[in-house]
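In what follows, chain A forms one complex with chain B and a second complex with chain C.
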Partner chain A sequence: MKILKTAVFLGLFLMSGFAGATALSSYSFKDKAEEQAFRELTAKIRCLVCQNQSLADSDADLASDLRREIYALWKEQKSEDEILDFLVSRYGDFVLYDPPFKPSTYILWFGPFFLLIIGGYVLSRALKSKTKDKEVELTEEDQQRLKALLEDDNDNRETTK
Partner chain B sequence: MIPEIGHFALVLAMCLAIAQAIFPLVGTMNNTPSWAGLARPLAWGQALFLTIAFGALTYAFLVDDFSVRYVAANSNTLLPTVYKISAVWGAHEGSLLLWAFFLGIWSAAIAILSKSLTQEVVSRVLAVMGMINAGFVSFMLFTSNPFERLFRIPAEGRDLNPLLQDVGLALHPPTLYLGYVGFSVAFGFAIAALIGGRLDASWARWSRPWTTAAWVWLTLGITIGSWWAYYELGWGGWWFWDPVENASFMPWIAGTALMHSLAVTEKRGAFRSWTLMLAILAFSLCLLGTFLVRSGVLTSVHAFAADPARGIFILIFLLIVIGGSLALYAWRAPSIFSGGRFDLVSRESFLLGNNLLLTVFTFLVLFGTLAPLVYDALEWGKISVGFPWFNKMFLMVTPFLAVLIGFGPLMRWKRTDPAWLMKKLRIAMIISVIIGLIAFIPSISKGSLLVPLGMFLVAWVITSHITAIIDRLKHKQGISHFFADIAGKGRSYYGMVLAHLGVAMFILGATMVSHHGVDKDLRMSPGESAEISAYRFQFNGVVRTPGPNYTANQGKFTIFLDDKEVAVLEPQKRTYFAQGRPMTEAAIDWGLTRDLYVSLGEDLGDGDWSMRLYYKPFVRWIWLGGLAMALGGVLCISDRRYRTKKQKNQQLAQSDAANTLATENS
Partner chain C sequence: MSGRTRFLIPLFIFLIMAGFLLKGLFMDPRHIPSVLINKPAAEFNLPTLYNPEKFISKADMKGKIWMLNVWASWCSACRAEHQVLNAIAGMGIVDIIGLDYKDEAADGKRWLQQLGNPYKEVLVDKSGRTGIDFGVYGVPESFLIDGDGVIRHKFTGPIYYPDIKGVLIPKLKEIRGEGK
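What follows is the complex of A and B.
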């Protein structure tokens, strides 16, 4: 039942979430830079009821409520970190598009470097073994077969060059 | 009646698919030519019945047969005809049918275009494709039947999701699916090679044009998807690292690696097992992508659990396909980088570098896409992994790839003299560095290091490719033979060049729009104007306009540059009758150097509206880059050497065998 409810809830907001441009216009900022900063802040936050939209882009009612709340904190001269901390304490890490750096997410931040190191290791090993390989020595028999074949399809080799 | 015929055709297609999975394969193993020879007729039959099934569902949509549950859920009498057709693949069941239908078509295409291949190879490839389609069609029949009837027939359908009522989304899934399904051919060739144990270069030559074709479709599909998201979702973005987008991007990256690796395997017989691995990886990611999107697991792990029949079928199917092919690989494949020797500076080593970067990148995207699901499933707390994380990863890998691209075309197989290479590329390098330095000017860089980096890479890819073309023509008949070379033997070479230039175009577009784009949220009254980056947007108010299955509030904007009118834009806010949701239709004045984009927000009373205005410089180059890549792929496929006669091909196979023999002797 809970699942069904959540699904309906999500579904409804998903639709409204796609409704497009939103009104930052109803807030006043002292200059362009401040408006831009506010936009960038809300772009880092996830709209909690949309499928995958940032708070800045969402039209969902809940998103505009949350925006208003963030705006209030903003006007109280709260720093960006303070606002984000407040949101995380209320909604959890889910609310941040950029996962925070802490023990439970170490794997997200160190994992990629681990992958890169593995990739680099594989590359260096492959290169080492390949560049040390001896040039292939063909036997007399192979040479003759090869020669016969090459004469047959010279023009084909030309095109594949 | 017609839906029952479709249903019945689907059942027959499943039977044929199962037969196709078994008989040709067994036939090649115990030397029964009559069994092996069944592959082509069975592929034909399967394609025929899947066409009938697909036709039947399309018919049900066209005549508004709401007794079919799927039609009732996704169509409406007022829906324009063209969207009734695209609604066929607008949701889960129908998109599966489209998948299976395309697989049938690709199988039939192999049956026709494989005259030059041995019966053994054709039988095995088609058998593998039969297995895949047996899985898909039975999944459809047992858990997601598109022909299911409704017993209380509704008078009106629920209508197609308004977001999908658009030409971009009519085209996006079919192109994407052609790509996904196309990789099953590369997969089939790989598995056939593993079964047969013949891992010489001939299978690489056979599967190369098919792989490129699949990649071209996937490239187009992703490009169209990005373009659609840009103009339809109304927030002006072109890529959001949404799991759904990633699902299509992962097979694309792996497929790109596969194409490059196939080149080495074909020309030099090297990296054979690595190439096989990539073929398996690319197709596995296609399957994973399809199911990630279609199973609902992305919205929530719980949605997946809510319909266990589908979920379990999907898991088992993925396990069989991926696990089975990896087991076969472990059993049959030789050591991973077997093949001829090459120097540290050689085309092989650089392509290997390209491959490893692309593979690492594929896994990074996979990692980021699945991490929230894994965290949720293991109850480690809910997290989001969004664009900031992915952008960091993207920037960690792609600049290196773009640098490698520049060296690629001048590289020689086996050994390239580093001093010669440096001499050749000196001018290209100097020009690129100068352009990169120029981009440090604050008005260009906008305070970001990424702009100079991007501009350097764009210049580098372009100048190095021009250098390579000049070098190539000098070795041939001279610069004047440029066009003769394109028309003649150099088709695939120029295809490669074009695709690489596509990458430069993409980098240009992405860099410019990310750092020079301007957007504004505004409240405007009729008659008011707003300035955005030298353009003046004048708002002329909103009027109501009727549409076929919606009514719209249509705004009117006149846009001036230096007091000269450059465009009139009419964005809409639509309300669809059947579903009552408000939808934004952005209006865009597009151009090669900039897009002007207006998206309507809400009615604020007194004729005032909230709205968002955008100035998007060079945004088109992102998709033009995608088109250039796809076109490059088409040029490669059209190269003459894939059209050699049967006899020639067999000779080649023999000479490859001699090569293989020689390598293995060492």
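What follows is the complex of A and C.
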């Protein structure tokens, strides 16, 4: 139990640990809100060197260069879309954590729903076939036959005793 | 599907998934397809390593088929690639222009003195700004650029000997074939 606790704690620590560790201190912002907005923007962008880190968190050399470029565009009052376009035109959609909606990504967007529909269909069929088994109604004829068979069976048992 | 073969369905689904996962094992997540293929190369105007007064721009390369090789003295994969570049230069099949990326000029010069210089010119990108315009994310990278200044092929990571015959020569043939 203690080991489990330690493991969970360690896991949470590692997950949360390094976010925010990168200093944006070399850049000046007019207030906390602007700094937060800049942080949110760079968090949407994947660092190409260490692919599981966002540009906001990465200490890679390229990431700091890209932050510098983005900061320059930011100071020129460029919109978020313009800044993201700047990066996508050079590095492709891969830099975005949020994939854009277009024909090559349809499978990404619709795939799960498609699987959900298939799953729902399979489930409903499985459930239906199960309930059908229970609902078999016996006709008068069947009842009599059943009775006869059961009696027959009882007779047999008695005779074998 | 009859009841007899029904039990094969999960196995079948498993095999399909296993197939995808197996393919995934042999794919390189670091290889990101470049969006710059068949797009005009970025504009640049950079000083040369041996003469900081001399600048070369994209316009200067117009009409030539050339290869831009992004390298740095701090890049260990570049060391392995360098002998391949020397071989390409020795074959004389394409002019290679080096881009010394985020490097110290003295280190770059020492590197070329030790390992040989396959470059027709070496440009210096101290800030890495031109690298960003070329979508460079890991050195070495090489771009084949045609006479119209359009990027026709990109090598991400080092060029290996088999790539000369397998990729470089066919690509050059393709690019030159159009010119005729």
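Criterion: the second predicted complex is superposed on the first by the 113 of 161 C-alpha atoms of A that agree within 3 Å, B and C clash if a C-alpha of one lies under 4 Å from a C-alpha of the other, contacts with A are read in each partner's own complex, and residues count from 1 in each chain.
By definition in this document, a residue touches a chain if its C-beta (ideal position, glycine included) is under 8 Å from a C-beta of that chain, and two chains touch if they have at least 3 such contacts.
This structure is a prediction, so every number in the text was calculated from the model and none was measured.
Once chain A of one complex is fitted onto chain A of the other, the partner contacts of A:A126 are limited to chain B, with no touch recorded for chain C. Using the contact criterion defined above for the overlaid structures, shared-chain residue A:R90 touches chain C, although it does not reach chain B. In the overlay built on the shared chain, the residue A:L149 is in contact with chain B alone; chain C does not reach it.
A count of residues in chain A touched by chain B and by chain C gives the higher number to B. Once the two complexes are laid over each other on the shared chain, residue contacts for A:A72 go to neither chain B nor chain C.
By the touch criterion stated above, A:Q51 is placed in contact with chain B and with chain C alike. After overlaying the two complexes on the shared chain, residue contacts for A:L115 are found with chain B alone; chain C is out of touch.
Residues 51, 92-94 of chain A are contacted both by chain B in one complex and by chain C in the other. Of all residues in chain C, those touching chain A in their complex are 29-30, 32-36, 102, 127-129, 131-135, 137-138.
Partner chain B is touched in their complex by these residues of chain A: 3, 6-7, 10, 15-16, 18-26, 35, 39, 44, 46, 51-54, 57, 59, 92-99, 104-105, 107-108, 111-112, 115-116, 118-120, 122-123, 126-127, 129-139, 142, 145-146, 149-150, 152-153, 156, 158-160. On chain B, the positions that touch chain A within their shared complex are 163, 233-235, 237, 240, 242-243, 267, 270, 299-300, 302-303, 306, 336-337, 340-344, 348-349, 352-353, 356-357, 359-360, 363-364, 367-368, 371, 380-389, 393, 396, 489, 521-523, 573, 579, 581-584, 586, 599-602, 604, 610-612, 639-641, 644, 648, 651-652, 654-655, 658, 661-663, 665-666.
Across the complex, chain C is touched by residues 48-49, 51, 61-62, 65-66, 69, 88-94 of chain A.
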